[in-house]
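What follows is a group of structures, each given as C-alpha cells.
Next, two complexes with chain A in common: one pairs it with chain B, the other with chain C.
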Partner chain A sequence: MDIKRNYYEDIELFKSNTILVWSILFLIFLGILPWLIQKYHLLGMSIYIVNLITIHAIVAIGLNILVGYTGQISMGHAGFFALGAFTTVILILRWSFPLWVALPIAGFVSSAFGFILGLPALRLKGPYLAIATLGFGMTITTIIKHMEFFGGRMGLQAPRLYLFGTPMKDIHYYYVIMIIAVLMTIGAVKLIKTRVGRAFIAIRDSDIAAEAMGVNLTYYKTLAFAVSAFYTGIAGGLYAFILGFINPESFHLIMSITFLAMVVIGGLGSIMGSIAGAALMTFLDIKLQAIQDIPAIGPALVTFSQKYMSISGISNVAVIVYGLIMILIVLFEPLGIFGFWIRTKRYWKTWPF
Partner chain B sequence: MVKKNLSLIGLLMATVFIIAVPASAQKVQGVTDTEILIGQWGPQTGPAAPWGAVARGTDLLVKIINEEGGIHGRKFKYFLRDDSYQPAKTKAIAKEFVEQIGVFAVVGGVGVATGMTARDYLMENKIPWCGPVTGVYEWITPIQKYLFAIYPLYDDEAFNLTGYLDEKLGYKKIAMFYQNDDYGKQGVMGVERYLLKKKINLVAKVSAEVTDRDLSTHALKLKNSGAEAVIMWTMPTHAALILAETAKIGFKPQWATSSTLSDSALMMQITKGLWVGMINSFFGELPDSNHPLMVKYREWHKKLAPQERWGVFYYAGIIFSEPFFEGVRRAGKNLTPETWISAMETLKNWQGIGPPISYSKPNHPMDRQGGKHVFYGKVKPDGNIQRLTDWIQITK
Partner chain C sequence: MDPILKIENLTISFGGIRALNKVSFEVEKGAIYSIIGPNGAGKTTIFNCISGIYQPSSGKIFLKGEDITYLRPDQVAKKGIARTFQNIELFSHMSTMDNLMLGRHIHMKTGIWRGATFIYKGSKAAREEIEHRGKVEEVIDFLELQAARNQFVVNLPYGTRKLVELGRALALDPEVILLDEPSAGMNMEEKGDLMFSIQDIRDDLGITVLLVEHDMNLIMDVSDRILALNFGEKIAEGLPEEIQKHPEVLKAYLGEEEKVA
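This part shows the complex of A and B:
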C-alpha cells in the first residue's frame, strides 16, 4: 500500500522489504563488479571507466540537488570540481594529510565557495545566474593557473596512495570511491525527503510562495549551492587520484556543460536519473569511438566520414551520434532516462493491460 | 561409425593443439609471429584538433612499412584513439591499450597534461613509449627506463635561438614576447639564461594572457623598447595578432620563433602574409625538402592518404615514430620490451627526417632525450623556407 500514515514512514529509506532485498542484491552486485569486469570486459569496460562514472555520478547528484530540486542553475561546476581536486592534492602533497581527512576538508572548502556563489543567486535567475556561475567556473581555473602554489599552469602530480603498504590500484580506488558514492547517494535521498529537501523543492516550484510559507530563501538557496559544491568537491578530490595528474586546463567550460547535460539527460529532480545520466554520458564519451572496430560497419563509417566530413575519421561520427542520442532523449523523454524507467515500471505494473 | 567419430575427435584435438601451441608460445604482449600492436592517442576533435594530424601522420608511416612487407615478417596494427585533449579520456585510452588491446608500445601522443596522466601507468606496466610530441623536461625527469623522448627541449631551443640572433646575426637589442603560461615561460627561461651568460639586457619582456585578444599596448611596448629583434614564444593566434598590431604601428623588427610555429604554410595564411622574414627553428626536414626519405614519404602520401595536407604537423607523426621502428628493426626477430630498449640504446646520431637521435643506458636524464638538434630557416616571400643552417646541437 502506498498510504503514508506519518512523517517517519515517508522518510524511510526502504519503503518495503522488496526494495530492501533489491538494494542488498544491488550492493552485492557492486561488490563483485570489478571481478566481473576484469573477467569479461563487458562492452570494453575497465575498472577505471567505472571509477570515472562513479565520480561523475557524485557530481551529477550534487548538481541535481541544485538544478533539479532547487531550480537554480550552475554552469560553473567544473570550478568546484577543480577546487576539490587541487585542495585534496595540496593537503596530501604539502602537509601529508591522510585521504580520509583531506577529502572532507576539500568538500568543505568547495562548499564555502558554493556558499559565496549562492549569494548572487539570491538576486539572479535563469540565464543571468547561468552567466554568473559560468564566470565563477572560469575565474577559479584562471586563479589556479596563475598561482605557483597550485602548480601553475603545469599542474600537479597526485601523490601515490598506499593501502597497508601497497600502492593503491584501480580496484582499491573502486571500493573507496564506491563506498563514498553509496553513502553520498543515501545522504542525498535522505536530504531530499526531509525538511531541507522539501524547502528546496518549494523554492523550485515558486520561490515567492515558498517564502510566504516561511522558507528562509537566503538560507536555503545558499545551502543548496553549498551542498551541491560539497558533493562536487569530494568528487573532484577522488578524480585527482584516479587521474594521477591534474592541470587547471582540464577543468574547462565544456566540463561544466557536460555535468549539466548528465543531469538533464538523466532526469531533473531524480537521484537515480543523475546516476544513469552520468553513466551513459561518460560511457558514450569514452567508448563511442570503438564503433570503428566493428567488422564491416566500422571501416565503412570511417571511409564515409573521411570522404564527406573531415579527415579526422571516426571521431566525426562519434560526436554526431553522441549529440544525436542527447537530442533524442530530451526530445522524446523530457524526464530523461528516469522518465524511461517510470514508464517501463508502469507498463509492467499494469501488464497485460 | 564409431571409427569415423574417433578420427573426427582426433582431428579436432590436433586442430586444438595446433591452435593452442602458438598461443602458449606467445609471451610478449602485443607481439605475435605476424603482428605487432601499437597505439597512439591524439586530439581529433575539440580545441586542439589541428594537432590531431600528428597521430594520422604516424598512421601513414605504419601503412608504408606494412606495404613494404613489415619488419622481420611482422606487420603493424595501429590503434589511433581520439582523446579530445581531455586527460581523463587519455588515461582511459592508455588503460584500453594496455588491458584490453594489449599493445606492445605507445608512440607519439600530443599534449603534456594528457600524457602525464598516462606516464606513470605505462611505466609501471613496462610499456615502451616512444616520442611524446612536446619538448618538456617531464618526459626525462625523473628518468624512465621505458620512455624515449625525441622532441628538442623548448628551454634549450630558446637559449640557442637567442645565441643565433646575437652571434650570427649581430642583434644586440633583443626583446621577448611570450604567452603567460608554462610553455611561454620555458621560452623566457632559455632566452634569459643566454642573455645572463653574455651579460646583455633584455630590452623588453612583454607577456600576453592566453585569453587576451587586444594586443595593441603590447605592440606599443615592444616598439618603445627600440628592439632590433623580437623572439616570440606563443600559440599561432597570438603570433598572428601581435604581427598585425606591430605592422599597424610601423614596427618591423627581425622576428624569431620556435619550432611549434614552424608550419609556415599555415602561419602565412593566418597572418595574411606578415609571416615573411620570420626566423624559425625546425625539428624536421622542410615540407619540400629533397631528402631521399622525404621524397619517398611524399610519394606514399600521394598514394595512400591524398586527402591529407602535407604539413609539418602531419609528417611530425612520422618524425616522432621513425626511431621506434628503427628500434624494432634493430631488436631483431626476438622482440621484447627489453630487446627493444637495448636496440634503442644503440642509436647514435641515427637520422630519419627529424633531428639526429642518440640514446644510451639511462644514467642521466639526457640519455633518454633523443632529439638534441634543430636548424634555422627564414620564411621567403612565397611562404617557402630558405634554410639558413645545418642541424645545430642545442642540448649538450
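This part shows the complex of A and C:
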C-alpha cells in the first residue's frame, strides 16, 4: 500500500521495455519497408500504395480525434484534405516555399477553416452536424473548382520537388511521409492521454458533466475541429505530391465518407485502429480494382456482373465487395479492427491455458 | 460573517410551470446545508441554476458576495463550485483515475502543443500530470476507491460510480460542493460510509456542502440547516429539529410520514 506509485507510468509512451523493443523493431521495419517491397512485392504492394495508406492514416487519426474521441461527426473532411493539398501546392508553385514550410502552413490554413466550421457545429449534434459538415465539404470543393487561382476545373500540377538536387521519387516521399506520420501518431497518442485529450473524451461521454467540471465547451469543441483539420490538411499536402496532380473533382463526398468508414472500421476512439482502418480500406480499394485476377471467384464475379448488371463489370463488383466487407466488419466487430485486436491480445495473454 | 452562498428570489419557469418561485436562502461557510422536498419540488433546479446550467428568469446568486447568476457552468466551476448529478453523469469510457483527473482540469495548464510533444519525465506537461495524479490519489484514498482506480467506470457497481462522481467533484478542490441525492441506489452500509464521508468533506477538507437527499435519517444526522421546498416554494427553513416538527413540512410529506419519523 505504501509503495510510492510511479505516476509517470500512466502517460508514458513506452510502458515497458518490451513495448520499447517492439517499437524500435517496428521503426526498423518501417525503415526497410521500401526495400522489402521492391524485393519481395509483399501482397503485391507498391511504395505508392504504402504512401497512400500512410497519408490516409494521418487523416484517419485526425478524424478519429474529432469523431471517436470528441463525439462530433464530420462528413466534410475531403474539404480539409483539399484545402491542405491546394494550399501546399500553391505556396510552392506561386511563391516557391520549401515543402517543410508550406506543409505546416497548409495544416494551419486547414485548421483555421476547421475552427470556423466548429463554431456553427457547437449548436448542432448528430445528423444535423453531419449535414452541416457535408455542406462544408461540398462548398470548399465548389469554391476551389470555380476560382482561377486554384487552377479551376483543370486543377493544378504539383511541382517537382528536389532533394539535394535530385528530383524526389516515391521512395523519397515514402520517408518524408512516414516520418511525419510517425511524429503525428505519437503526438496524437500523447495528446489523448493528457489534459486536452481528457477534455475531448469527457465532452463525448457527458458534455454536461464536462462543462460543470470547468471544461469550456466552445473552446474544446472548436479545438477538436481545428486539430482534426490540421491533421487532414497536412495529409492533403502530402497527397498532392504522391498524386502529382490535384483536381477539385477528386475531393468528393465519397472521399469524406471513405475517411469516416476508415475510422469506424478501424475503431472509434483508437489511434492504432485509425491506422489499421486506413490501411485496410485503402488496400481493399486498390486491390479490389483487380478483382478479376483472384483465381476462380474473380472471373465468376465479373461474368455475373456483366450478365446481370452492366458491361463495366469490374468496378461494379469491386464496389459491392467493398461494401459487403464494411457491413460484415461493423456487424461482427462493432468496435472495429481495434476491438478484434483487443480480443486477440487477451487470447494470447491467457494462451495456452 | 457573510454567507459563502446567497440565493435571492430565485425564480424560473418551464413552459408556464413555475419550477421555482422567489426562493431565497443563505449558506454559511463550512455548513452542511440540505434541501428537501417531494419529487418535482425544484431541488435539482436550484442546483442547475447555481451551476449555470439553467438561467433563472429572475433572482440572483452570490458566491462570497460576487454575482454568479449568469455565468456559464465552466465559469462557475472555476469560481470553486463543484457538483454531482442526480442521474450519474460520469465519463463512462474513462477510468476512475481519468474521471478524477478531469476534476483537475481547471488547475492544469497543458495545452495542445505541450500535451502532444512532451518527451520525457521532466517535461513540463509530464511534471504537471505527475503532480496532479498525486492530488487525485489523495482523493482516491479519502474515498477508498483504490480498487476502482484503473477500471473503466462503466464496469463499476452503481454505488461505486456514485462515489467516483463525488471524487471527481472533490478533485476540483471546490469551496462549495453540490450533492444531488448522493445516497440514491446505495445499500445501508454504503449509506453509512457516505454519511461519514460527507462529514469529513466538511470537517477535514473545509468544503461547504449543499445536499439534496431523500433519506431523512441521513439528512437529520448530518445537516446544520435545512430548506424545505414544495412546488417550487420555500415552505420552511431552519435547524433539523425545527424542520422535523414543522407543520407545513409534515403536510408536504403526508403519506410519506414514515420517512420523516
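Heads up, the rule we're going with is that the second predicted complex is superposed on the first by the 342 of 353 C-alpha atoms of A that agree within 3 Å, B and C clash if a C-alpha of one lies under 4 Å from a C-alpha of the other, contacts with A are read in each partner's own complex, and residues count from 1 in each chain.
Just so we're on the same page, contacts are C-beta pairs under 8 Å (C-beta built on N, C-alpha and C of every residue); 3 or more make two chains touch, one makes a residue touch a chain.
As the structure is a prediction and not an experimental result, all values here were calculated from the model.
J.: In the overlay, answer first, second, both or neither for which of chain B and chain C A:D10 touches.
T.: Second partner only.
J.: Quick one: classify A:A318 as touching chain B (first), chain C (second), both or neither.
T.: first
J.: What is the contact status of A:I201 with respect to chain B (first) and chain C (second): first, second, both, or neither?
T.: A:I201 contacts chain C only, not chain B.
J.: Identify the partner contact of A:N216: answer first if only chain B is touched, second if only chain C is, both if each is, neither if none is.
T.: second
J.: Taking the superposition as given, does A:H172 touch the first partner, chain B, the second, chain C, both, or neither?
T.: Neither partner.
J.: Quick check on the complex: what are the chain C residues that touch chain A?
T.: The contact residues of chain C facing chain A are 51, 53, 72-74, 76-78, 82-83, 85, 89-94, 97-98, 101-103, 105-106, 108-112, 114-118, 121, 125-126, 128-130, 133-134, 137, 168-169, 172.
J.: Going by the contact rule at the top, pick out the chain B residues touching chain A in the complex.
T.: 44-46, 49, 52, 56, 80-82, 84, 86-89, 91-92, 95-96, 99-100, 112-113, 116-117, 119-121, 180-182, 211, 307-308
J.: Which chain A residues qualify as touching chain C in the complex?
T.: Residues of chain A touching chain C: 5, 7-8, 10-11, 187-188, 190-191, 194-199, 201-202, 204-206, 208-217, 223, 227, 269.
J.: Quick one: in the complex, what on chain A touches chain B?
T.: 41, 44, 46, 48-49, 52, 142, 145-146, 152-155, 157, 170, 239, 242-247, 249-250, 254, 285-286, 289, 306, 311-316, 318-319
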